[in-house]
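Listed after this line are the structures, all set down as structure tokens.
The two complexes that follow have subunit A in common; it is paired with subunit B in the first and with subunit C in the second.
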Partner chain A sequence: MNRLKQLKPGWGIVPVVIFLGIWEMAARLNFTPGQFSFPAFSTVLMEFYYLTANGVLGDSFLSSLVRVLIGFSAGSIAGLVMGIIMGWREVINKALNPIVSLLYPIPALGWLPLLMLWLGIGEALPITIIFICSFFPILYNTATGIRTVDRNYVQVARTLGASDIKILTTVAMPLALPNIFTGLRLEAGMAWRVIIAAEMVAIPTGIGALMMKAESLMRIDIIIVCLIVLAVMCLSFERFFAFLETRLTGQWR
Partner chain B sequence: MAVEFMDHAASAYISQDKGWFEEEGLKLTAYESYVTGMALASALARGDIQVAYICLVPAINTYANAGVPIKVVAGTHKYGYGLVVNPNKIKTVKDLEKPDIRLGCVREGGAVDVLLHKTIDKYNLDEGKILDSIQRMNPPKQVLAIKMGQLDAAFLPEQWATMAEEFGFEMLLMSQDVWPEMQGSVLVVKEDLIRNHPDIVESLVNVSQKATDWANQHPQEASEVVAQQLQAVGGSLFPAEAAEAAAKLEITPEILLRSMTRLEYTTAVDPEVVQGTIDYIAGLGYIKSSFNAEEILDLRFLK
Partner chain C sequence: MPSIELRNISNYVCHDVNLKIFDKELLVLLGPNGAGKTTLLNIIAGLIDYQGSVLFDGKAVDKLPASKRRIGYLFQELALFPHLDVASNIAYSLKVQKQSQNELEARVDKLLQMMKINHLSHRYPKNLSGGEKQRVALARALAPAPDVLLLDEPLSSLDMQTSKYLKMELKQVLNKLGITTIYVTHDLIEAEEMADRTAIIQGGRIQQVAAPLEVFFHPNNDLVSDFIGAPNILNCDYCRSLGQGIVEVNCNGLKIIIPHDGDVIHRIALLPGDIYISNTNPPGPQMNRFKGLITSIKPTSNTTRVEVKVGKRILLAEMSRHIFEDMDLVVGKEVFLILKLKRIRVYENKNGR
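Here is the complex of A and B:
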């Protein structure tokens, strides 16, 4: 049992290797339905190297990354601040909750046609889309996290003479952290999904635009390279926030 | 069979209208129109199509990038692309570099997109400035955008370039000004059709030749036939989203006559021009590497 546990991290890679092996063989033996082209994993790897070496992938990746970082940071900070205010002050919650409830279900990409007309096609467009994508879920999760903090803890702190700000920062916010991190973790991955879709539809640069260019040139190998980059970035961002959550709340959860 | 929704495929539309395919014993199980060569190229790659009238550039992409075994068996025309501009905002090609210019073009891999790059090279334009200002959309959407005042210039294939003139735009450059001997569309067939049914391919080339000759001899009548065919196809071609847009763009015989005189209809294909095109798009990075034009050409059926 102990030996099995020790082998666990290494075993995780076995299904991936098997999958890549099947992929390579299926492509080389031409086991693909219809007549569409299906490049081998080694071809995709070569294209990844080529796109990296000539800077095309780096430039596109950087464009998408900057948009995600700016949009996600701004949306998260705004969502956190608004969420804390709404969660902490019932009056504000009652005033804003109907509006938030109306806007929250709209998919971020649903705003795209409107923003294209308002902002035009430029850097502001994808950043705003990511902002919207992050803002509402993080606001909702933060407000819910703070509102659901056990009131007994708040009463005890108040009885001991803590000020409102002290109670908020030392009692309510730490207890709301799991909720806040759930929002951050999910939206970090979602931000990548949304930026790719936005770039595919309206923005001429970035990983999504590179995918569209590859589609019009029928470069399936490049499309798969982009999909792999997207998968890795979604996973990395989600894992980063999962790691942060464990580090910050693991000891007392 | 698949054709592009343009007068580039005039010989196909004329043959269809005159019933010449049937006369040659060719029974088409499908006859589909596509708004762009890239859309048609995707259909070729999926395996739906055996014969296509398609611009040379997407045909090369289909062969080189998607590995679809096709051969060019005849040409349909030379030239047939242009740069149309709002004359109030653009007087010279250099004006395209101005920061407030909104330039339309099809997506990467289309023949007009390659013409755009040729224009950048020939007139030493700032590639960064030009590419940053481009709005990628298909030709009917570009013409509609021109009509709505949302574009200042557009690289378009014919008949769309001539249609843009109807909305006050002027032809600043034609493909013959930028790219001498530019091969327009070609007739391509799947390799297995040549292998298994060379007689069918020969008949296709014969019909194409007959229609091309007829179009050159009867330009007025040819424009009427092609206009009628395009209007008939247009109704079913566009998805609901674009149907309204398409309906606003009337393709009249007068427009087509003007447009078709800007093309040189011929079935001849110059292998050197094809090689030059392959080398150029390889240089743009649109295909992984250049290859010998003979790989994609099979001109033995041309008389």
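Here is the complex of A and C:
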């Protein structure tokens, strides 16, 4: 039983290895239309090495990463602040909720044509798109988290001598953390999906733009490299926030 | 001067409530569900709006927010902060008051010891049992050394054994602290065991304020009488010990066996709900069961009250309506009454004490 438990963490890699093995075999044994349209995993790996060594992948990745970090951080902070205010003050919630409800369902990429005309093609465009993509869901989750804190906790804190601001910071916000993290976790992955789409459509640099260039050159191996980078980054960001959530709330949830 | 005084308190639940609670007194607020007990506590704590005036030591506190009223409030739901461990829950009010770390630790240690929960200090509420949560919540309510303690059905969520044990401890702690306390319950026996005085509340109005036994033996109106349940009061002619904490008493011709360790019993009380009715003589030891004739049947909103003549005495029993319908009881029918042994209340003083 103990040996099985020790083996457990390693087991996750087995399906991946099998998948990669089948991929390699399928490409090499010409089960697919050809190496050109379906490169082997080893070919993709080699291309990854070349793209990294010549700096193309690094530059593109860095461009996308900086945009995601700036847009996501700004959108999250703004969403958190607004969410806390709307969740805590019913008057402000009632005033702003109709506007938020109207804007929230618009997909982030839906803003692209408008923002291209307003901001032009430049760094502000993808950052703004990521900001919008992060802002509304995090605002919504934060406000819901704060608003749904059990009133009994608030009243207990009140009888224990806490001021409104103390109750907000020591009771409502910690108890809203699970909701807040749900928003952060989902939107961290979503930010990467959106930036790639935005770069494919409108921005000449970044991972998305690299994919579009590869498509015009019919370099499927490069496209797959970019997709793998995208998958790893989505997963890493989501896992980072899941880890943070467990660290902050795991003990008491 | 009363420690707490309520003058003409009204809101959407309570109507013209006037009540005085004296310094260091434990007043039990007793009433059925929905009577306005918790609402009245929330008014005293300043958590909801009201008309009228609440006075602490003669000074109106109506304009003070809950955070400034120096109240210790044990909520029925306890509401321990789930994100704080036991020590931090207890220390919450002290941190809010910005007490020094040394003072804070000393106070928390003292409360942990008093409530016998030292070993739980680093546990989170999700890892506590019902009784442990209750102790932590009480310690947290006492932490800021409040002038007034409000306890909202503190034992209602516990199993009978834990509740009994905790009741004794709670009483000891409250006696030791000598703090003015309002204790809410809907349990008559709990009220009798805890209270210096009892206030009966029904429909948002105070119906009677008196010593627990006064309420029990002399309800001052039909609402109180209905809530108490019109107990069967039996005066006892003699009382003899059968050994091992068991006594036999003769009350109005009925020989009743009671577990009792104290003085001579002069009176016993039986609530109608604590008397079973059976169509046949059930098997088992033939004690505390009597044959009688049904003399009247009175349906109430949820229950049915059945009067049974046993010898020269009429006993009132109460049962749920669906049980009554299953038993096919009619006036004049011969039935057996069985008294719940542990629910017989005894009084050693002729005045009912």
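Assume the second predicted complex is superposed on the first by the 248 of 253 C-alpha atoms of A that agree within 3 Å, B and C clash if a C-alpha of one lies under 4 Å from a C-alpha of the other, contacts with A are read in each partner's own complex, and residues count from 1 in each chain.
The rule is short, and it goes like this: contacts are C-beta pairs under 8 Å (C-beta built on N, C-alpha and C of every residue); 3 or more make two chains touch, one makes a residue touch a chain.
This is a predicted model, so every value here is computed, not measured.
Once the two complexes are overlaid through subunit A, subunit B and subunit C fit side by side, free of any clash as defined at the top of the document.
In the superposition on chain A, contact is made by A:160 with subunit C only, not with subunit B. Taking subunit A as the reference, the larger set of touched residues comes from C, when subunit B and subunit C are compared.
By the document's definition of touching, neither partner reaches A:180: not subunit B, not subunit C. Contacts of A:249 after superposition on the shared chain: subunit C is touched, whereas subunit B is not.
Rounded to the nearest 10, the superposed model shows the Cα centres of subunit B and subunit C diverging by 160 degrees about the centre of subunit A.
Using the contact criterion defined above for the overlaid structures, shared-chain residue A:171 touches subunit C, although it does not reach subunit B. Residue contacts after overlaying the shared chain place A:150 against subunit C, while subunit B stays out of touching range.
Once chain A of one complex is fitted onto chain A of the other, the partner contacts of A:194 are absent, as it touches neither subunit B nor subunit C.
For the pair subunit B and subunit C, the model built by superposing on chain A gives 52 Å as the shortest CA-CA distance. Overlap of the subunit B and subunit C interfaces on subunit A: none, as no residue is touched by both.
If you check the complex, the residues on subunit A that touch subunit C are 150, 152-153, 155-163, 166, 170-171, 174-175, 177, 249, 251-253.
Listed in rising order, the residues of subunit C touching subunit A in the complex are 42, 45, 47, 65-69, 71-73, 75, 77, 79, 81-84, 92-93, 96-97, 124-126, 140-141, 143-144. Across the interface of their complex, subunit A is touched by residues 38, 41-42, 45-47, 61-62, 65-68, 107-110, 131-132, 134-136, 285-287 of subunit B. Subunit A contributes residues 34-37, 54, 56, 121, 204, 212-213, 216-220 to its touches with subunit B in the complex.
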